[in-house]
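What follows are several structures.
Presented sequentially are two complexes of subunit A, the first with subunit B as partner and the second with subunit C.
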Partner chain A sequence: MTDLWSSIPQRGRVTLLVLIALLLAAPMALDRYLISIFVLIFYYAYVGQAWNLLMGFAGQLSLGHALYAGLGGYVAALLWFYFGIGPWLGVFAAVAVAAMFGAAVGWLGFRFGIEGVYFALLTIAFAEFTRIAFDNMPFTGGAGGLFLLYDAQRSHEWWNLRGGPLLFYYIGLVLAAAAAVLTAWLARSRIGFQWLAVREDQQAALALGIDAFRVKMIAMLISSSMTAIGGVLLTFYYNNLFPTQAFDIGRSIEIILAPIIGGLGTIFGPIVGAFILTPLGEGLIALTGSLGIDAPGAKAVFYGLTLMVIITLRPDGVWPWLKRLLALTEVKS
Partner chain B sequence: MNLAIVVNVVIQGVLTGLVYGLMALGLSVIFGVVRVINFAHGEFAVVAMYAAYVLFVTLGFDPILSLFPVAAAFFLIGYALHALLINRFIGRSEHEQFILLVGLAIVIVNGLLMIFGPDARPTNLPYSFDSYLVGPLFVDKARVYAAVGALVVAAALFAFFRYTTTGTAIRACADNRTGAAVVGLNIKRLYALTFGLGLACVGAAGALLVPIADASPLLSQQFTLLAFIIVIVGGLGSMAGALIGGVVIGISEALASLFMAPSIKSMFSFALLVAVLVLRPQGLMGRRI
Partner chain C sequence: MTSLLEVEGVTKRFRGVIAVDSVTFEVPQGAIFAVIGPNGAGKTTLFNTIAGMFAPDTGSIAFSGERIDGLAPNEICARGIARTFQIVRPFPALSVEDNVIVGALLHRRDVGAARQCAQALLRRLDLFDKRRQLAANLTLPDRKHLEVARALATEPRLLLLDEVMAGLRPTETDRMVATLREINRESGLTILLIEHVMRAVMALASRVLVLDHGTAIAEGTPEAIVRDPAVVQSYLGAETE
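Entry: the complex of A and B
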């Protein structure tokens, strides 16, 4: 850990400490709406980091990460709904189930040499398959959705994730920070360098004696487990789940936007991306509203255009450029 | 269950599958030559459906015949899109291309949503409910016309690639890009041409889908995934494979709707996709890479 800390230059350390202090104190100055936006920022920074670990470091393109978030959310919600088992326990079951699915997808993909776009399609297939299955399963609420009752009497039970945006603000902040530290630590460890070797040239990595299958499986298991925890958080925040939303390919795309826009394979990329995209989406709602364009879809049209502009101008993401601009350096990935 | 019903459903699946196959053919051509994954493919199909719908409502143009103007317009759109935008992304990594096309897809779907609203737009054609009576079988006239249209367009494309100099040049680019550049082929122009042809296929398929399905922005994502499944199942780089993959998926969805429930029909398509990826990654008709 101290090694990790000392690898950041002086200027970066000061900036980081100031940012953390600001984020810890920020809720005192923010209203409920702004806090709810920060909750989403932290969520996307967190799940983005989980996806970044698999794609940015191990080089495996998953377009079905909604599967793990959705499964995590459903498992924890069902345990709470039917047996009253709280999410702090339920999250372990959620992680176990999501990791099992991750292992299945990873095993099929890596064992049978399904790579690149083909692997991406495999992950989409599993997510869509699960979506349709959940749509037709009665005990999960089917297509009608699953709802967690919001009981005002229990709203102080923060240990059961029952509470307002402020609770989720701090949990989200801790999760996003922890994910960044974990990724930075893994990136500097033996497995991190093995991921990079496999990402850059699998044949060469194999020749060096790296067990590519094992290395990629580890990335898949960590990534799917982390994503499941994000799913639990989001489910207890929104108190509802629908298969068409939870497992939708649109959800998977939302997860991968922040790390790509921020900078793939960097520690701060997903965080920077989440801080750009979430306020952008919210800002566009306000903007189109004030311009008097209230047609459905107007906001999303601008959002899509912005994505196209950013990826055309900053193909490596915003963070590497921002880093040079601010003359900060991060842990080399 | 009555055998005649099953045969009827299978025939319906084959006819619909041919139109799906034409849509997937566009994806296969673009992917096979330009090596770009068109993640906005289904979105373009739905734009074509709306174009054919508008032509029908305003000018009374039959959707089957409107495949010609729509395909021509889509060819120009595809050519321009590649020359102005996609070309910058050639040789860049897959996820960058993915974000570009997903951004485009978001713009298209929501643009349609702004213009036409979320409700499905049915097209009532004079022959919508007519059918051919063959022995104990009823075959939808609209589906027969659409399938014949799809076969004609696919045959024209096949002939173009097989017998014209430009078509041969495009195939050369697909086989060996560097080699093609060495012998002096204008890769940029040929890629733009291919992108145009791919979109012309999707445009034609969209027009042909109008008698079969009601135009709605919500169809687009489903179509994109469907086109991907068909291309993988049929075999990438095989033109016949796209049509055969379309027929296979058409039949499997029709039978799943009949024997199980319509809501789970795409489960079978995804299961088929996984099976093909694992057992026969080159697809049904593809050559081993």
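Entry: the complex of A and C
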């Protein structure tokens, strides 16, 4: 850990500390609405990091990460709903179930050499058939959804993730920061180098003795587990779950946008991406509303156009450019 | 002298085309052994079979007494056989140093130790000053050096070199030859190389195997090989009567 810290140049350390201090203090100056936007920023930074670990580092394209977030949310919500088991405990079950699905997808893909876009199709297929299953399972509420009752008397039970946006603000912040530290640590360890080798050229990686199947499975397990924790957080924040939303491909795409816009395979990419995209989305809602454009999809059109502009201008993501701009480049030993 | 690698009657077919046809040879411990032959003779296929990219259809391959045919490439590397690729395959988005670190991490858990090992190898292969460049930005000769450094980083007992001299200028070839000889002499590393550059083969190899149309047509010392009528015929064509 001290290694990680000392690898950041002086300027970067100061910037980082100031940012963390600002984010810790920010809720004092923000209203409920703004805090709720920050919750989403942290959520997308967190799950984006989980996806980035698999795609940006191990080079495996998943377009079905909503599966793990959805499963995580459902497992923890069901345990709470039926047995009153709190999410701090339920999250372990959530992670276990999501990791099992991740292992199944990974095993099928990696064992049988399903690569690139074909692997992506496999991940979509798993998310889709899970959606259909949840649509038809009565004990999960089926298509009608699952609702966690908001009980005002229990709203102080932060240990059961019952609380307002402020609680989720700080949990989200901690998760996003922890995911970044974990990714940075993994990236500099043996497994990180092996991920990059497999991402860059699997044949060459094999020739250097790397068990590509094993290292890709590790990435898949870590990524799906992390994503499940994000799903638990979001579920207890919104208090409801619908299969059509939780497992939708649109949800999977939302998860991957922040790391792509911010910079694939970088530690700060998902964070920067989330800080751009979430406010952008919210801002466009406000803008189209105030301009009186209430045509359906108007927001999506502007959102899409903005993404195209960013991708065209910064094809490697915003963070690598921002890093150069702020002269925060890493020093290497 | 004991044999480190024993190739026994290895055949590899691709949809009816026999790329390697019951080839048998042994590489003694500590030797520098060359496989030569015209284009399409099956040299690279033979290499890929030894390195585990595919299993032989018939025959067996043994490495220090143990069968290795049919093992996956990563298992073969873990047992001590490293290879370079004819068409070099560096990890393009990684720095030169990181490329070599990946190899050094095979037998090391600690990245710091792997970095030290990588730096020592980069010095040896004249890449130390370029260690922070991206591998994608290297010139071809440098990539060939990187390929060798990365393979050596896995600490092999047998190094398979697939045309590492191709594309090098004569002075660069001599430099590479000197480096390989040095490594062979100091550490006793056994080297099996495919080579077109005869200047390098003559300078390096203690034994040469000649392949033509998938079959071994001659084996012997470099001096004997260049005088062998079968070899001359396969390289220069049959003399017309």
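Just so we're on the same page, the second predicted complex is superposed on the first by the 329 of 333 C-alpha atoms of A that agree within 3 Å, B and C clash if a C-alpha of one lies under 4 Å from a C-alpha of the other, contacts with A are read in each partner's own complex, and residues count from 1 in each chain.
In this text, a contact is a pair of C-beta atoms (placed from the backbone, for glycine too) under 8 Å apart; a residue touches a chain by one contact, two chains touch by 3 or more.
Predicted, not measured: the structure shown is a model, and the values here were computed from it.
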Subunit B and subunit C placed together on subunit A: clash or fit? fit
Between subunit B and subunit C, more residues of subunit A are touched by B
**Asked** Of the two partner chains, subunit B (first) and subunit C (second), which one does A:F129 touch, if any: first, second, both, or neither?
**Response** first
After superposition on the shared chain, which partner residues are touched by A:A179: those of subunit B (first), subunit C (second), both, or neither? neither
### Message
Contacts for A:L206 in the overlay, against subunit B (first) and subunit C (second): which applies, first, second, both or neither?
### Response
second
*Counting only touches as set out at the top, which of subunit B and subunit C does A:F112 meet: first, second, both, neither?*
first
Examine A:R190 and indicate which partner it touches, taking first as subunit B and second as subunit C; both and neither are also allowed. second
Rounded to the nearest 10, the angle in degrees at the CA centre of subunit A toward subunit B and subunit C equals 80
Under the stated touch criterion, which partner chain does A:V215 make contact with: subunit B (first), subunit C (second), both, or neither? neither
Taking every C-alpha pair between subunit B and subunit C in the superposed model, the minimum, in Å, is 12
Within the complex, subunit A is touched by subunit B residues 37, 85, 88, 92, 94-96, 98-100, 102-107, 109-114, 117-118, 221, 225, 228-229, 232, 261, 263-264, 266-267, 270-271, 273-274, 277-278, 281
As the complex stands, subunit A meets subunit C at residues 188-190, 193-194, 196-197, 200-201, 203-212, 332-333
Per the touch rule above, subunit A residues touching subunit B in the complex are 55, 61, 63, 108, 112-114, 116-118, 120-122, 124-126, 128-129, 132-133, 135-136, 249-250, 253, 256-257, 260-261, 264, 295-301, 303-308, 311-312, 315
The residues of subunit C that touch subunit A in their complex are 51, 53, 72-74, 77-78, 82-83, 85, 89-95, 98, 101-103, 105-106, 108-111, 114-115, 132, 150-151, 153-154
